[in-house]
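First subunit A sits with subunit B, and in the next complex the same chain sits with subunit C.
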Partner chain A sequence: MLSPVILLPAVLNGLLTGAVYALVALGLTLIYGVLHIVNFAHGALLSAALFAAFFAYRLLGLDPYLAIFLLTPLFFVLGYLLQRFVIGPAAHGEDRNILLVTLGLAVIIENALLYAFRADTRTVDLPYGFTVLDFGIAFLAVPRVIGFCVALVVALALWMILNLTDTGKAMRAVAKEKLGAELSGIDVGHIYAVTFGLGTACLAIAACLLLPTYYVNPQVGNGFVLVAFTIVVLGGMGSVAGSLIGGLLIGVVESLSGLFLGESLGQIGIFVIFIMVLLFRPSGLFGERA
Partner chain B sequence: MSGPSIARILLVVAVLATVPLLTTSNAVLNFLVVTLMIALVAQGWNVLGGYGGQYSFGHAAFFGTGAFVTAVLQARYGVNAWAAFVAGMAGSALIGALIGAITFRSGLRGSYFALVTLAFAEVLRILASVAPITGAGVGTLVALDLRPQSFQFQTRAPFYWIVLALLAVSFLVVRMIEGSRFGAWLVAVRENEDAAKALGINPFRVKLAAMTISAAIAGAGGGFYVQYFLFIDSGIAYGPWISIEALLAPIVGGIGTVFGPLLGALAVKALGEGTKLLAGDAPGLDLVIYGCVLILIVAFAPNGIAGLLLKARQRLVLPKDLQPGRSDG
Partner chain C sequence: MSLPYSNVSRRRFLQSTGLGAVAAAGFVTAPSVLRAQGAAVKVGVLHPVSGALSYSGQQGRLGATMAIDEINAAGGIKALGAKIEAVLGDAQSTPDGGNAAVESMNSAGVAAIVGGYASSICLAVSQTAARYDLPYLVDVGVADSIVTRGLKNTFRFGPGFGVIAKTAIDNLVALNEHAGKPAKTVMIVNEDSLFGSGLAKLLNAQLPDRGFQVLETIPHPTPTRDFNNVVLKIKAQNPDIVIPANYYNEYVLLARTMQQQRVRPKAIYSVLGGAASSYKFVKEFPEAAQYIMDCNHWFDPRNAKALALKKKVEDQGQFYTYEVYMNYSSVLLLADALERAGSADRAKITTALASSTFSGHVMPYGPTKFVDGQNQGAAPVNTQVLANDIQVILPPAFATAKPVFPMPA
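Showing the complex of A and B:
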């Protein structure tokens, strides 16, 4: 069981899955870090993005990897509008109301998808969907390797946006001290909406990366969200680097506990880590403090 | 604390108790039984979330434990249903105390507390979906035995009265908490934990007690579910649906009030039925409308139905210049 012939591919596959987990978690951590809200609509938005990528391929014949360039701006705008005109005004700035509004949004999105496309599970057939490459130590699926690379690039891009642009500076200012940022002339409502838009845009990219090897149905996003929450907490809420490393780590943990404990218990490793981190280091690996 | 008097609570319960005498419609009674069961679980959430300010996203952990203990003791060990029900509440309280002790000991608050409760419920769900004792993926069936001594009845009316009685007890418990020193401590911890500590209150013990009571009430809801449907599996017991129902009802109805969970459960469930009628057979459409109305309620009645009622009463009673402004607090 412990032979490297089995272990190494499991670890590598875990890393590949983990990178896409990290991308979903990046959106969540960004929104949590700046707006301090737990976004319950994240999973439903991921399902919506997967449907969008699916139909971009079916109807427009757009390859999922090309669809990234169409869907990312689209979902940025969607996220921006949702925060600016639905979540913000409806929530009156109270945590419990934000919770309810995002919950309501999740219900609406998920069931609108169900109404429009029924509960059927769909997949796409891409010529490269099952291509594997021999990396010497393991055979890895090409789409998953591409997903891994793109996820790393996106994480780097987000880090650059946060650290090198004025908008990013404003986002970090709002995250640290909302009132102070407002007093120094930052439009907090706008920054909130931009952040939510960026978080949603991450989902569009994740969806395009997932589509070649994954399936689509109205509930598909939910499975990712609990995992993403774990990653966010593990990496430290609001930390980009933390999300990335947390995501990779969780991917490996899931892969290994699936290997040792079996498929149905595979996810339990994730939640045990989750609870342990919350109990012993709630600020996460890279968080500033709880 | 100006909650409703004991007399008013008993009056509300007495009025509700007459419903099965007025209608024999199974659809109506079924709707009400499920709604009151949700109100009961929601009342459990309300003790911890409404009065204690600790928002749990994982009350499924307590509902499910109550349900599984009740079901498994009967199905596998032949224990009497009523005894199993009580054991279910006790088991649920125990799990509540355990999770509370772990999380409050490490000082988790706010979103962190919410997330850790969610994770505990998920761990229990995964364990229950593979453990042989809970029936793993198949679930546990309770044998049909329609006699009152096995907590099963021919008609729905006795179930209705039993769940109403459980709810009535929860009303009285919550009312007692409101008026007690413990309730004052709990509210103090909700409003400002550090200040409460400075006044000599032990927040850990107060929150732990609230969580235990909360879990026991939610567990009673779970045990009742098993007796009513005679079946339970890991998805129903520990699934997110009940965690959401448990927090939705008090928030919609009025958080930290005696009748909030009941008002909210009635409103949310009636809304669900109404949208189902409106949307007809189209799958999903009813829930789309439901979600929209939910957001509208939050947008225009941020303090819940109880908040609206209070505002309406103040408008009627107080002269115009004494009326409080909108409290967005």
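Showing the complex of A and C:
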């Protein structure tokens, strides 16, 4: 049962899936790190992004990988507007309000999707959907390998934005000391909205990477967000590197527990880790605050 | 203490209201029957045309309405001098939805109902129809309990699960022996609800006695969107035969993942396989479908009427799936009973159905004979995907091709 013939491909498959998990978690951790809010609408927004990618393919004939260039700016703007004109004003500066507003947004988005597109599960069929690369030790599906690479590039890009640009510096400043940042002339409302936009844009990319091998329905995002929350906790709230490594780790754990415990129990390993991290290292692997 | 009393009174209440409803229905329909010399006979056509089973439901409705159109084009029910009027109903993919549709069909004064599709819907609907003594023809629903509860109004033209499973195992053993017993080991991949796990249990109980070793049984939930782990397990154990028991989407994904990971057992052999004998699957993924065998419902490939229907369905741009010809045949069976009953009276139709020896259908069945509502002549066949088409390989009486087993490497 433990033969390397299946163990190695299972680990590799887990890494590939984990990279996309990491991308979803990156958006979540970014929003938490700067805005200090837990964004409950993340899953619903991912569902919305998947629908957008689906219809971009169905109606416009746009390949999901090309749709990244259309949907990423679109979802950035959507996220920006949501924070600027809905979440921000409705929150009145209270964290618990933000929590409720994002929860409400999630309910609204999900049900709007349900109303518009019904509960049917849809898939797209791409010619390369089932092509594989032969790595000798394992056959890896091309869309997953692409997903892995793009996720790494996006993580690197985010890290660069945070560390090398003025906006990134402003974001970190707002995250550390909101009042101080405001006093030194940073437009906090704008930075909040930019951060939320970046987090939402990550979802659009994740959706485009998922579409070739995954399915779309109004509830699809929720499954990912539970995993993403685990990754954020594991990697440390607000840490880009933590999300990436946490995501890869969780992907492997999921794959291996699926292999050993059966598909019906596949996700149990993830939540065991979630509880263990909360018990023994609440700040996560790369968390800044203990 | 009060429980027995409340039970009795509830039962009495149900009986009395049920009688009341039947009486009311009688009053409503009786004048229309008197007036209606030459008016239409209403037949309920009930399918899950919305919800999770909507594709199958729409295919079933297509078959039933095509049969009704043909009967009407040929002059309708001659003994009554009347055409058939379809009263369409949507079971909404749930037993409750099915019951509601039966209630409204009963109010509309239908003479009989055809359809149901899913076992769970058929179970509920048959009982509701029985309350009105309304003849009910199951189109597909394979659960054995549908016809073993002693309901006088319920008839099933197609085979039940027990017969299908037995035929599947007998044919697998026969195929293997004929080829010189190349296969000894089996792996089962099943979805984890009633259909898949029930089948897996049955196979696990019976296959060892018939000379096969079950290496592993892998259950998975529906939906499952990644079969990599399952296929890796198959790859590691390298069984001679893989038996999938799951619904369409998962079946396709499993077959494609096996193809992707270059896993090629001696046979992929399924029982009521979700996609194994589907023209849709064969057309969309010919490479993954090639050589897959299935024990399932199928039309009689030597019957000219069945082939004419196939052409007609395909000319409409639809796939010729089992829902189509099973509903088509069930409606023809009902029309035959209406002719012989010479009346739209529910009791007379029920009697005519029970004594039916109808042979004008398109299925590869033996002589029609109903025992407790089950057609004893009903049987599944074995099919195999060969050269981008689906051929019948067993039983020999209906075969259109020789089985290719083991699969060429």
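Definition applied: the second predicted complex is superposed on the first by the 289 of 290 C-alpha atoms of A that agree within 3 Å, B and C clash if a C-alpha of one lies under 4 Å from a C-alpha of the other, contacts with A are read in each partner's own complex, and residues count from 1 in each chain.
We adopt the following convention: a contact is a pair of C-beta atoms (placed from the backbone, for glycine too) under 8 Å apart; a residue touches a chain by one contact, two chains touch by 3 or more.
As the structure is a computational prediction, the values presented were derived from the model and not from experiment.
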Inquiry  = Clash or fit: subunit B against subunit C, after overlaying the two structures on subunit A?
reply    = fit
Ask   = A:F76 contacts which: subunit B (first), subunit C (second), both, neither?
value = neither
Inquiry  = Let me test your reading of the model: by the given contact rule, A:F271 touches which partner, first (subunit B), second (subunit C), both or neither?
reply    = first
Key: Partner contacting more residues of subunit A (subunit B vs subunit C)   = B
Inquiry  = Once chain A of both complexes is superposed, is A:H92 in touch with subunit B (first), subunit C (second), both, or neither?
reply    = first
Ask   = So, A:L259: does it touch subunit B (first), subunit C (second), both, or neither?
value = second
Message = On the A-aligned overlay, A:Y192 touches which partner chain: subunit B = first, subunit C = second, or both, or neither?
response = neither
Task = Could you tell me if A:A10 is touching subunit B, subunit C, both of them or neither one (first, second, both, neither)?
result = second
Task = Would you check which partner chain A:F51 touches, where first means subunit B only, second means subunit C only, and both and neither mean what they say?
result = neither
Inquiry  = For A:L114 in the superposed arrangement: first (subunit B), second (subunit C), both or neither?
reply    = first
Ask   = Could you state the shortest Cα distance, in Å, between subunit B and subunit C after the structures are superposed?
value = 6
Remark   = Residue overlap on subunit A between the subunit B interface and the subunit C interface 264
Request  = Give every residue of subunit B touching subunit A within the complex, in rising order.
outcome  = 55, 102-103, 106-108, 110-112, 114-116, 118-120, 122-123, 126-127, 129-130, 244, 248, 251, 255, 282-288, 290-292, 294-296, 298-299, 302, 328
Interfacial residue positions of subunit A with respect to subunit B in the complex = 32, 36, 38, 86, 89-97, 99-101, 103-108, 110-115, 118-119, 218, 226, 229-230, 233, 237, 264-265, 267-268, 271-272, 274-275, 278-280, 282, 290
Ask   = In the complex of these two chains, what residues of subunit A are touching subunit C?
value = 1, 3, 5-6, 9-10, 13, 17, 121, 123, 125, 130-132, 139, 141, 213-215, 255, 258-259, 262-264, 266
Ask   = Quick one: in the complex, what on subunit C touches subunit A?
value = 192, 218-221, 223-226, 228-230, 232-233, 235-236, 249, 256-257, 259-262, 284
